[in-house]
Each structure stands twice: as C-alpha cells, then as structure tokens.
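Think of it as A, B and C in the order they're written, each chain with its own count starting at 1.
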Amino acid sequence: MGQTEGAVCGVVVHLPEADPGRQAAVLRNTANLLRALGPDTQVEVVTHGPGVELCTGETGLADTVAQLREQRVTVCACANTLTARDLSEDDLLPGVAVVDSGVAHLVRRQREGWSYLRP
Amino acid sequence: MGQTEGAVCGVVVHLPEADPGRQAAVLRNTANLLRALGPDTQVEVVTHGPGVELCTGETGLADTVAQLREQRVTVCACANTLTARDLSEDDLLPGVAVVDSGVAHLVRRQREGWSYLRP
Amino acid sequence: MGQTEGAVCGVVVHLPEADPGRQAAVLRNTANLLRALGPDTQVEVVTHGPGVELCTGETGLADTVAQLREQRVTVCACANTLTARDLSEDDLLPGVAVVDSGVAHLVRRQREGWSYLRP
C-alpha cells in the first residue's frame, strides 16, 4: 500500500461528468500531460456516473479516445455505472477497460503511489 | 507527515458544492467506495462553503447521511464556514464532526497518507 | 520521486475554471488554508485553460492575487495555455510564475509529496 521509492508511478485522471466540451478539455489535458511527462508515463482516465458516456462514444469523442489509446492511455469505465445504466462491455469503444468501481480504482492507484488529477 | 508503510489509511471525499443532485451523487459514490474497499476503510466526507448545506439537512439528504453514519462514514463541517454563515453545532445533523478548516483538514489527511477524491 | 519523511511539503491548488465567483472562492479557500496551516506552508495555485484568466486580471481579482503573493502564495500559469491564447508573460499580473504544463506541474508536485486540492 505504501509508495515505493523509485517506482515508476502513473497518473489517474478523474472524469465523472458527461458534458462533451468538458470531456474534450479533459482529454486535451491528458494529451498535454503525456507530452510534458514523456510517453513512458502511465495514464488512466477513470470515468464513472455520467462520465462513462465517453466510453460508449455518446459524447462524440471516439476519435480522440482512439488517439490516446495509441499513446497507451487507458480509458476505464466503472462496472457499477455500467450495471446501473444497463450497459455491457459490448457497448464500449475498443480498448476501454472495465474496473469494478471507478472511485475505488482511483483510491487503489493513489495507494500505489499514483498522482491524482481532477481537471 | 510521511506515509507509514503498512498503515491503514483512509479516504477523504471533498464536497464544496450545495447542489442537491450533486451531493446525492457524491454520497452514492461514497457508498460504492465502501462496498468495493470493505467496511474497514475509513472514509470522511469533508464539506466547506456551500457544501455544508449537507450537514444542516438543507439539501434533504439527512437519511442518506444517517445511513452512511451507520457504516462509520464521518461527515465533516468546516468551522470557518459555520462562523461565516452564523451556524453553530446545534444546527448540524447528528454525528457530523466539526473541523477547524475543511481545506486544511483535507491536506492534513493527505499528509497522513489518506487518498483524496473530488467526485 | 518518493515522499521524503519529514520534508516540508506544500499544497497545490488546482484551478482550471474562469468563473469569477468560483475563482474568488478558491482564493478564499487558499487564504483559509494558510491561516490554518501556518505561514510556512508552501502553496501554489495552478491555473490552466480558462483558469489562466486569473493570471491576466481578466476576472477582476488582481488585488486578491497581490494579497496572496504577500503571503508567499505563488500563482502559476500554464505555458501551453498562454501559447494557445496568444498571451505572453507581459500579459500576466506581477509575480505570476509560468510552468510548462499546468497538469504536469500538478503531477510533479504530488510526486514530491505535496498535497492536492481541487476546490
């Protein structure tokens, strides 16, 4: 649970909102982050609640998600939210990862030493 | 101030907003978090500014606060905000804890190794 | 990259939004934070995107920025945002620091052990 000295730690980007303009801004922030920290930085964009509309393509950002995926950014969808919205993995864009709980995943990553951003 | 290896560390959930729908979502996130991380996880919901309306019951969420309290979640109100709004501890729902400063409390918890969430 | 035991670590306050009322609240939170944690606490308010309008004075908060500067709070502007908005250092209020990327700076500070707040 502690932060290991010298370990390569990543960044979790928290996205709970559905507004397309806001989602686009968060993805731009993520691209800028990668450019500044270098391509070896692990970055996960963690969505839950209305934020999962990024993962289904409903907010029109499938191309940007695909570009980030090429840069090895993982977009994560919360399984609790998928269940609540009657969605399955088949409804998600290619490469989206499912985590049991978006908020719990954000906590576990921080416990592993990852940094947290809520743009 | 450092993070102690192996210590059981909790989670602070930051809530500075009064919108009832948003507050309800934050409390749902908190319940999901507990379910995923287990009941031994310490969780504090830290309110300040308009967010303290959760603590007075003004946003209609007293029942949800009581349910979370049964699961040992502590809801905290910022003393600076109480003073600015001319409120006293008598105006707060049962079990709400008062901290000197909401933002300072969030920093102190992080210094103790707690994770931070801003849903 | 690890958190040094016993080191004096600061706080980064994340401000990506332009709404003047919201910016004023974030600066009040910052002042309250300093009062609670003591004047030796290092605090940086990190702006990017629409948030940089704090740094140009467009949101009418130049006096509050100057007061915080006297308390040794550093307000930071994101160079990516300045470029995107065709702004230069000459357009910024006195004492504003420029960082290469607002989001990357927030991550680097966390890696140094600083706490993160997103009011």
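Please note the rule applied: contacts are C-beta pairs under 8 Å (C-beta built on N, C-alpha and C of every residue); 3 or more make two chains touch, one makes a residue touch a chain.
Here's who's who by UniProt: A, B, C = DsrE family protein.
Just so it is clear, the model here is predicted, and its values are computed rather than measured.
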Homomeric contact chain A-chain B: same or different residue positions, threshold half: different
Superposing rotation of chain B relative to chain C, computed on C-alpha atoms, to nearest 5°: 120
Mean-CA-position distance for chain B and chain A (Å): 24
Where chain C touches two or more other chains at once, by residue number: 3, 116, 118
Parts of chain C lying in touch with chain B, wherever the complex brings them together: 3-7, 9, 11, 25, 29-30, 32-33, 35-37, 113, 115-119
Of chain B, residues touching chain C in the complex: 1-3, 14, 16, 48-49, 80, 100-101, 103-104, 106-107, 110-111, 116, 118
